[in-house]
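Pasting the structures in now, so scroll down.
Okay, so chain A shows up in both of these, paired with chain B first and chain C after.
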Partner chain A sequence: MQSVDTVRTIETPEGIELHLRPAGPVARFWAFFVDQAVVWMGLMFAGIALTFLGPLGLGLWFILVFLAQWLYPVFFEVLGGGRTLGKRWLNLRVLRTDGRPIGWGPSLIRNLLRIVDGLPGAYTVGLVSILLTRDFQRIGDIVAGTLVVHEEAGVQAPVLPAAEPLAPALALTLEEQSAILAFAERSAGLTASRSEELADVLGPLTGSRGAGGVKAVLGMARYLWGGR
Partner chain B sequence: MRQQRFEQENRPLWEDLRGWLDERATLGAEEVPSAYRRLCHHLSVARERHYSPALVERLQQLALRLHQRIYGERGEGVPAALRFLWGELPRQVRAEWRLVAVSSLLFFGPWIAAFLVVRAQPNLVHLMLSPEEAAKYVQMYDPKTPVAGATGATRDVMMFGFYILNNIGIDFQTFASGLLAGIGPLFFLPFNGLHGGTVMAHLTNQGLTATFYGFISGHSSFELMGAVLSGAGGLRMGFALMHPGRRSRLAALREGARQGSRLLFGAVALTFLAACFEGFWSANTLVPWKVKVGVGVLFWILLSSWFVLAGRRGE
Partner chain C sequence: MKPGAMGFIPRTRAAMEAADLGLSLLQAHWRPVARVWGLQLGFLLALLLPFLYQTPLWIFVALWWLKPWLDRGVLFVLSRAVFGQPASVWDFLGEWRSVHRRGLVAGLLWRRLSPMRSYVLPVSQLEGLRGAGYRRRARVLTRKGGGTGFLLTCSGWAFTLLTAVGFIALLQAMMPAGSRVQVWDGFNNPGLGFQWFLLGVGLLALTLTEPLFVAGGFGLYLNRRTHLEGWDLELAFRRLAARLAAPLALVLLLAWAMPLAAQAPIPEPVAQAPAPEAPEDAPQAIQQPGQQPAPRPAEGPLRPEEEAHRRAQRILEQDPAFNHTKEVRTLSYEPTGREPRWLRSLLDYLFAKEEPAQPAKPQNLDFLKRMWDLLALVGKVVLVGGLLAFVLWLVYRFRHRLGLPLVETKAWEAPEAVAGLDIRLESLPPDVPEAARNLFLRGEARAALALLYRGALAELVHRRAMEIPASATEGDCLRAAEGHLEEGPASAFHLLTATWQRLAYKNEAPTRDAFEDLCDAWPAAFGGRP
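After this line comes the complex of A and B, so read on.
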């Protein structure tokens, strides 16, 4: 089954494939927005506090502006596991294109090249580049060899709903078995009517509709999973 | 094998690996690689047998986190940065001497030309500077100008902060705009050179030799060579884009950016050093200006010999 998706697959030396989900322009815009808001609020408060120190405070404030303007993303990306505060907020992470964590060199390059991505204003070049590349990379990402991915929040092991194990009447293909298991794992988050609607699709297999159908599908999931 | 048994049999291993990632002492360092390979095997098996998507996803995320930890680079740290500045940077400057020479020419050529022209024809200063700007520079270096508001150490810190913000910012800008086929450095270097040469000639014409040269000489070597190196870094990137050689254009650009950013790192270190001297030494009025010029010349000699001589042992 070949699905249309933005997943980027990397192959590791162990011969397995890992999937990364590059983040699109909207999520990245909000991360950028949060970063900017944090930085400018911080600079403002620091500025107010530092005015009490006179010229000394002004000098320190200049240094803060320099760090915030140029190096804030670099430090956070390298020391914070690829995440600035905005990216943390939106569950994004910067990685190298081969899935490894980002280092000082690539981070510096991708963040300095914001100047080019910002041309001719409002990140136009960056946006066009993100929309044209397969992995949503702006110019800085392309040159540094990095990409911004969605970080799936740690998936908890779902508990299969209790049900009497029930052997399916037909031999199911692996994909079909996997779909039934996926339904059972997600059923806790579905409303009763939606569960019934989905289970009704399997009416010919379960031979019942409504709540009875759901119970039968959950029973099959339990059976496939290995319950006795 | 049913999924339940598969999970039951292998869960201890996954928990150990997860614990190791969370810095708990579940596995010894020498056990991790084989445990990781077994996890990779489990992931392939789970995918092949179409176990439930949640299980496959959990295994793949564990594998991804381990992949990042195992293949990630060790942090380079401050000692490595100092080693780079001490040995590798001069080596790279020598290896790329043509590029550094072009960058120097773009910067110092217009500087010297502007200086000679404005010395010969003082009125031509207004080609570069508006009357207000020219007057502002004269006032800045006029010994009779009282230092407004602040004196001593606090003023030094203020100026130090300003030099960091302004000068290193210019380095970054010059470097990054080099990506546009090198146009950035090709514009910024000559422009800053013309500006510097004009100001220098104008202040010399006004007879402010002692204050002006006394001020700039101390940090001039670091600051000007910093500008040259940041320009060279930007040109490296632009040149890689225009002339990729035997690589693909993208691969050449990535390599060019990597090499260029190393030159930029050197530029930033030099500019930072310049800001230290500019903030805390150059404005010092207790030392006679001729001594300060002597110190400045000494720094030029030291910096040049560092470029020429340092890091040869490892070559």
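After this line comes the complex of A and C, so read on.
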């Protein structure tokens, strides 16, 4: 059966695997919301300042509204590494579909095509497009070949619980090693009984059950982590 | 449960990403979700239409309030899909009792407006908890991701509303040119036809957005349990154990299987779900606002005694142009003289009639006005100046990206060393080839060749103005030289570089003859000092 995942793996020509996690409508809605709040806040202040110039100020203000609506996202996306303020807030980033950073061309296209995604007045086309595409792309994204992805928020150095280092009885694959390390990292957040259940699954490897099994798995994590 | 039997890949995701996991699940299983949704919606409509066919908007209100029941169908399909079981309409009907057994009444009454409704819905529907157990569990779950659950709910409202607005705007946009139909005007005086239209739009919007909301909440729920119970770890561990124990291990059953399929026969037909009573006169009240005749003004005591005032009052009352009255009720306070001072000052502060502002003396006013003008001017200068400064700063800050000419284009400075080799002219002996020959004869081939090579580099950099950075590799230098020198010196440098690299990296010293050739070519190619 098919297993649904949020991670899309892309292999670069250099043979490096990139893991992109496309962002769906909820996160993007709030990023858009924050961006609009920022833009209109700025326009409000600019408007207050421009009233001093009378009708000329009004004209300038309308020009400013136009520029802010159409070019604010472009400037921030290209100069801010694919992140407008709202996207920064929600840990989002715009990339090309092959994982490269976005440039002027794609950014301009995807933002000018908001006029299509905005149809018929409340972003219905964009929302439907996001719901229908596997990588949550609106029309502008599809045309520009871009993707909005989730980014890892502040990664913290892992803290492993103290344990006597213990060499595993056989060579482990990379995936298995990282699972054992992850178990040790997260053991503080698991209940004791759940920890034992999980460690019991590894009974064939540790040769013990219950609390002893947990201790053995933690020891292996310590060993894999570099403790000797 | 076998490691491969999960319908999603558990990872420790951030909450927002988990909500997207829900959408991915929905995309993968939208067909059964749509079927069950259609069944439920049809059922509700069949139930409501006979009572409310005259007031379609109330049908929508009722449906909107009964959303938690519709949500249960979506969640049923998705939860079955996640744990590898099919979920057709018949499965839904077969599991009718277990789907509705727990928490439906609470969900439709006091939990209806919970801000994290879809996030905690699985707790009652899938885990079957209620009462204190439910509250404890919900608290544990929402400790993380609760904020996202709330944002999910808010965006659910927003999506529904925006989609409905979008559909109405679409209809307006589809009106042929020259048509005088203004769809939006329907809101001013919603006739029956317009109400049916709104009901249709509302149902369409709900159908599009509600499953998204439920799926997002389910994604949050799955992710939170993955965090709490290490589902991803369990899968990885099982795979490892299976690798160790050969195919037998696959038969292991999970001790922690979720109480999904638990069923008990407690009949609770949904037909009893409360349908809001429709007040018969409600639409009429909506349809006729502002048509009652305005009430006549009460004949109050006319405080000003002048005849003119009376006459004006009469005109105001009789002339239809002025025949509007507005009743304004205010609280005011008349001191009686008996209250304590503090109370009096408080009441004065709260309710005192507005006193006319004390007229300021003319010259004072003039001075104030001038002060104000000055202040305004200063403000204007500061704001405009600040804006200009900000724009200039932006340009300066991003001058590299904008491709503007750099202000600080410093003259290129020759590095002191390239790739660890000293290339200052001062560090070279007066006659480089001769010194190199001496070194070579003493058996120090490496030092000799290094001297030749760095001597060549130094000459190129300092006398032929070849620009290479300190970080350049041998290959970089070679490329720079090929673009910079004529053919003869370039090929000499090529040979020198190749010889040097063979010695430096392969420890392969040149023969005496080859070395002599290099030394002979050196002065002509790199123009040693006289």
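Quick note on the criterion: the second predicted complex is superposed on the first by the 172 of 228 C-alpha atoms of A that agree within 3 Å, B and C clash if a C-alpha of one lies under 4 Å from a C-alpha of the other, contacts with A are read in each partner's own complex, and residues count from 1 in each chain.
As a working rule, contacts are C-beta pairs under 8 Å (C-beta built on N, C-alpha and C of every residue); 3 or more make two chains touch, one makes a residue touch a chain.
What you are looking at is a predicted structure, and each value in this text was computed from that prediction instead of being measured.
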item	value
Touching partner for A:G80 - first (chain B), second (chain C), both, neither	neither
Touched partner set for A:R134, first chain B, second chain C, both or neither	second
Contacts of A:G47 with chain B and chain C, given as first, second, both or neither	neither
A:G210 touches, of chain B and chain C: first, second, both or neither?	neither
Touched partner set for A:G59, first chain B, second chain C, both or neither	first
Partner chain(s) touched by A:P161 [first = chain B, second = chain C, both, neither]	neither
Touched partner set for A:F29, first chain B, second chain C, both or neither	second
Chain B versus chain C as contact partner of A:A182, first or second or both or neither	both
Chain B versus chain C as contact partner of A:V116, first or second or both or neither	first
On chain A, the residue positions that both chain B and chain C contact, one per complex	175, 182
Interfacial residue positions of chain C with respect to chain A in the complex	4-9, 11-14, 16-17, 19-21, 23-25, 27-28, 84, 148, 151-152, 155, 158-159, 162-163, 165-167, 169-170, 172-173, 208, 212, 216, 227-230, 232-234, 236-241, 244-245, 249, 255-256, 376, 379-380, 383-384, 387, 398, 401
Chain A - residues contacting chain C, complex	1-7, 21-27, 29-30, 46, 48-49, 52, 78-79, 90-91, 119-125, 127-128, 131, 134, 136, 150, 153, 170, 172, 175-176, 179, 182-183, 186, 189-190, 194, 197-198, 201-205
In the complex with chain B, residue positions of chain A that touch it	12, 14-16, 18-20, 53-56, 58-63, 65-66, 69-70, 95, 99-101, 103-105, 108-109, 112-116, 139, 142-145, 152, 154-155, 157-158, 174-175, 177-178, 181-182, 184-185, 224-227
Touch list for chain B against partner chain A, complex	2-5, 36-37, 40, 43-44, 49-55, 57-58, 60-61, 63-64, 67-68, 71-73, 76, 149-150, 153-162, 164-165, 168-169, 172-173, 175-177, 179-180, 237, 250, 253-254, 257-258, 261-262, 264-265
